[in-house]
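Below, each structure is written out as structure tokens.
Note that subunit A is present in both complexes that follow, paired respectively with subunit B and with subunit C.
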Partner chain A sequence: MAAKARTLRRLLGEYRELINNETEGIYAGPISEEDWMVWECLIAGPPDTPFEGGMFSATLTFTDDYPLSPPTLKFTCDILHPNVYPDGTVCISILHPPGDDPNMYEHASERWSPIQSVEKVLLSVMSMLAEPNDESGANVDASKMFRENRERYEKIVRNCARKTVGL
Partner chain B sequence: MDVNFPDPTDWLSTSVPGIQALETALSCQVCKEFFTAPVATSCGHTFCSLCIRRCLSATQKCPTCMTTDDESRLRKNTLVQDILSSFTAIRKQMLDGLVIKEEPEPPITKEPEAEKKRVEKRSSYDFDEEIEEEETTNNKRRGKRRKQEEAPVSSGGSSDRPRRSTRTSSQRTNSKISSQTAIVIDDSDEDFNPNEINSDNEFESGSRPKRGRPSRVPETPPTTNLVPCPICGRLKEPEQIQSHANRCIEGKRSPSPSQNAANAASSSLSPLKRPPISFSNIPKPAATQFRAPYTEEEKQKLKLAKGNFTLTKEADIRKRLRENGIRVDVKGKESKNAIWARLQEWTNLWNANLDSEMPKTKQALVKELETSERHQQSQKPSVVQDKEFAREEWGKDHRTEYENMIADAKMRVLKKKNEAESATNGDKTDTASEPPRMTAEVNGIGSPEIIET
Partner chain C sequence: MAETSASVEERAGMKTAQELADLEKLSATYEPDVNGPLVGQLQSSKILEAEYAGADPVYVRKTAALSPKYSNYRTIRGDGNCGWRALAFGYFELLLRTGDEKFIQNEMDRLKSLCSWMNEVGMSEYLYEDFVEETIELLKTISQSPAIDNPYDDTPVVEAFNRDDASNAIITHLKLLVSAHLRLHPDAYEAFIETSIEDYRSSQIEPYGVQIDHLGVKALVDVLFIPAGLVVEISYLDRSESDEVNVHKFEDESAPPKVTPAEDEAQKTLRMLYRPGHYDLIYKNGDLAPARIPVSYSATAAATTEGGVRVSMMLGTEYTRNPFCSSVFSSQVFTGGGGFDLCEEGYPGLLRGSTGSGLGSTDAMNKGKIDDAYTKLFKHSHYNTSHYQNVNFQPEMWSPQD
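Now for the complex of A and B:
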């Protein structure tokens, strides 16, 4: 149990920190007490962007060697974003381990390191929503739309945001 | 799982929330717990000995600044160890002291005993208020909290909030002195709060720091300041601990004089070394599990080198493992990768144990290695970050699996095609023949037509 116990202790600590010291717009916690390796998160759409007002749900999945390996983040709601794969998986440098750089443009300092935390990941995702990086399109169609037809992109995004809060 | 381990956020509900930053600074950023045998990297960042060794085995980079570093350049950070020892020794006391004043005052007129208590508390107020004046950086946060206090308790926020601020409680004290009615209000207040905790915070109450909350730190039980002996684990008065530890060690082996002092001073935390402890079952570390700290000469002599994967022969790895009494399968059964990983983990555990102020015996370490391996085996191996990951060997080992997967995928595509064909033949809808990319394009949003209405 040693490896798992290490991971669990760390996750438990992070969870406590999150509920005791809330960051605005970020909510995260394990889905059930049985399985601490899968968390559910809610990320508020950043203000002054088409995502404003939305509450985007996502699941965070941890590996057994967390924090050595990064977790994966997958949106469970509809979302159109250049850096989110069509299946909802988020493509962001903080979730990539150093050394694993398919596109060779990410700085090592922006990548995953054991000192990162759930809170920092979710904050990065929030800023990713505000400022998409259309050069590393995970969703090529969204990137294209973002670059060439911004109006349509924003309209769809606003609809997504509205849908997340049941409107 | 034990929720009663110290957490920096415990301080948020005290009158000096700034201690949170202090405690965070005394925690390893990898495991987010108090340092265990802190060591500094050559770039100046401090981590637990074991944490940083594991990180460096994986990437050879400092987790904080990503500069390349090597295990051999790690140096013990004694200053941090000393600060941490003194901090953990008084942590419980401080926490109790800083939260206790939130309690409404017992009325002075009731009993002489209560009056005595009140005087004691007064003195702690004075102390707190002095600190508060100095604490300018955290005023903002506290101001925010006070605002929340005044708002009706609908946010399900902190159960401690309604009685937190120093100033309010002192004002309460003053009003009590001046009039009897205030006492009544205070009493009802006191009765009301516990209910609030139960109803509003059912999920937080388990993990919320509470006054008098049992701490995992075994040397600071709530009533007295007993310290567990690092050797036998028996609880002793702090004044007696050194002589007691001396006697304990003499019973087992003759140590160098400096070790006893180190022992006594650093009976402090070693979170990775002990099982999580709830206050109800105070640890009794088996006497055989620990040994006296290593001296510098011993450390130099016993330190294990990391070695190089390609340069080390498989037979050598087996030999080194067997020498340490670690289980190795007969030749050929385990791959070089597997036994190399075992040797690396052993080296990490061993070297980190050398840095520890409360080292474990070799047998205990071997056992730890085995339990962690047994668990790893039941899980999917993670190779993401392994710098030594041998791509080709892996490919060779798993060739059949890959081939099966490819065949499987081909079969599925074929099947889909057949189905699609039969579907288009059956009726003229083009749903099945629609390329899968189309569904990917709309990204699960639903069809674009719907969105644009």
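Now for the complex of A and C:
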């Protein structure tokens, strides 16, 4: 229980920080006051990408081990991206525990450690949207399409983005 | 008949192969206990000798040479954090052992002020404050606990380090401190790594569960131990050709040669035992309560009821297969009333009934003779590893006439 109290205190601190120092394009908070271990997030599609204009919703799920272990992030809207599994789960190195790094070659500062935060995760996801890593195997079809048929990929992505804002 | 002898031979051959495989396994792949306590209780280093009794001769030689010099041994859970945990635990243990409230207070102030390093490299206070708080809490606890007047009573530190949250928060704090230190003093470390400091600290230092490497130990010693006047040494137990463990001492290289008396240094030295991939702690003779009068068995037995719970942690499952119960008893000379209810844990009913006769005398313990410490009843049971029914039976140790 003690470990959980620490996790809750940390999450409360992060939430307070996100509200007080709002970062553009990122919104996150617990779904309900009852359960601090599941958060709802909105990530704005980065400008000058096919994701622009979309507001992509996702859930962040924390474990009792947080922040020793990273949370998991899963998109709850339709999205096509090489680093997002078809079920919406995001696969980037900041979300993987050490030793389980899917893309060892990714930028060093993006690994998970207890000094990372929800804000850092969401910012990493934002840059992942802008710059897919097509060598990741999370969504092979998307990777292939991104490499071989960029036009079609971008069209589908733009559709997804429009759908997220109800167009 | 020919067939029978062939099959006998085959069986013998298989057995030898099996034995060789066991030997190989003991020597090459020491697996630290991943389910044991995060930080174990103090036990006799004879346990190490027993552990390697049937292993590669290099290990037999080294562990046999170890126990007369290093009386005690403490396990650290092999969960990928053992090096960090061993160093963190050892730091608090050494501080407590000073028995110097003022000194601990100074360390507390120093560690609080070092938060400025973390700020300097851009770590947000709201993300690290919880970890720092746990370190400060434990420093407060030990400086205020009754143990401060009985510095060899490690209870407050052992208890704190066996609470997951406290233990992990403290090592996380130290990791962040080391990370900040590396970034602020790259010149001192850069030459030793292949990647950049940035990459090294984010992949090797900061993440939880990543084993500490030599440079990490060096950096942590530089941050935590040397400024406090504490020394860290590592004894390497490996297959290198020598008769004893190789010892490496981390000292303040910039300081003039010390004139401190040896006893004083022993009181301020943390000793780690390194086996490839794993750190535990060892204690040299004289590190722990050098002038303590040996506690007689009966006195310790009286303490057993209160301390019995702690022992289940101390012995773990490993110990139930160990014949050197005498070694545990002699370790009690140092831990005093720590309690060691073997009867509860590993040898149900076997020792309890005979403690009066077999273990009553302090003399017998001081002689350290194995035979004196275990009883006939125990000796002839399968708990004894030199008994042929024991799972770890070693034929060369079996002498049924005894």
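Keep this in mind: the second predicted complex is superposed on the first by the 159 of 167 C-alpha atoms of A that agree within 3 Å, B and C clash if a C-alpha of one lies under 4 Å from a C-alpha of the other, contacts with A are read in each partner's own complex, and residues count from 1 in each chain.
Operating definition for what follows: a contact is a pair of C-beta atoms (placed from the backbone, for glycine too) under 8 Å apart; a residue touches a chain by one contact, two chains touch by 3 or more.
Just so it is clear, the model here is predicted, and its values are computed rather than measured.
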Taking subunit A as the common reference for superposition, should the pair subunit B and subunit C be classed as clashing or as fitting? clash
Tell me the contact category for A:Leu167 with respect to subunit B and subunit C: first, second, both or neither. neither
In the superposed arrangement, which partner chain does A:Asp78 touch: subunit B (first), subunit C (second), both, or neither? first
Counting only touches as set out at the top, which of subunit B and subunit C does A:Ile115 meet: first, second, both, neither? both
Per the contact definition in the header, classify A:Glu14: touching subunit B only (first), subunit C only (second), both, or neither. both
Which partner, subunit B or subunit C, touches more subunit A residues: B
Quick one: is A:Ile156 in contact with subunit B, with subunit C, with both, or with neither? Answer first, second, both or neither. first
Which of subunit B and subunit C A:Ala142 touches, first, second, both or neither: first
Where along subunit C is the clash with subunit B: 58-66, 256-264, 310-318 or 328-336? 310-318
Following superposition on chain A, which residues of subunit A contact subunit B and also contact subunit C? 2-3, 6, 9-10, 13-14, 16-17, 67-69, 97-99, 108-109, 111, 113-115, 117
Of all residues in subunit A, those that touch subunit C in their complex: 2-3, 6, 9-10, 13-14, 16-17, 67-69, 97-99, 108-109, 111-115, 117
In the complex, subunit C residues that touch subunit A: 80, 123-124, 126-128, 130-131, 163-165, 168-169, 172, 175-176, 179, 195-196, 198-199, 202-203, 206-210
Residue numbers on subunit A that touch subunit B, as the complex places them: 1-4, 6, 8-10, 12-17, 19-21, 63-65, 67-69, 78-80, 86-88, 97-100, 108-109, 111, 113-115, 117, 139, 141-142, 155-156, 159-160
Once bound in the complex, which stretches of subunit B touch subunit A? 1, 3, 5, 7-9, 12, 20, 29-33, 51, 54-55, 58-59, 61, 63-66, 204, 207-209, 271-272, 276, 368, 371-372, 375-376, 379, 382, 384-385, 387, 440-441, 443-446, 448, 451-452
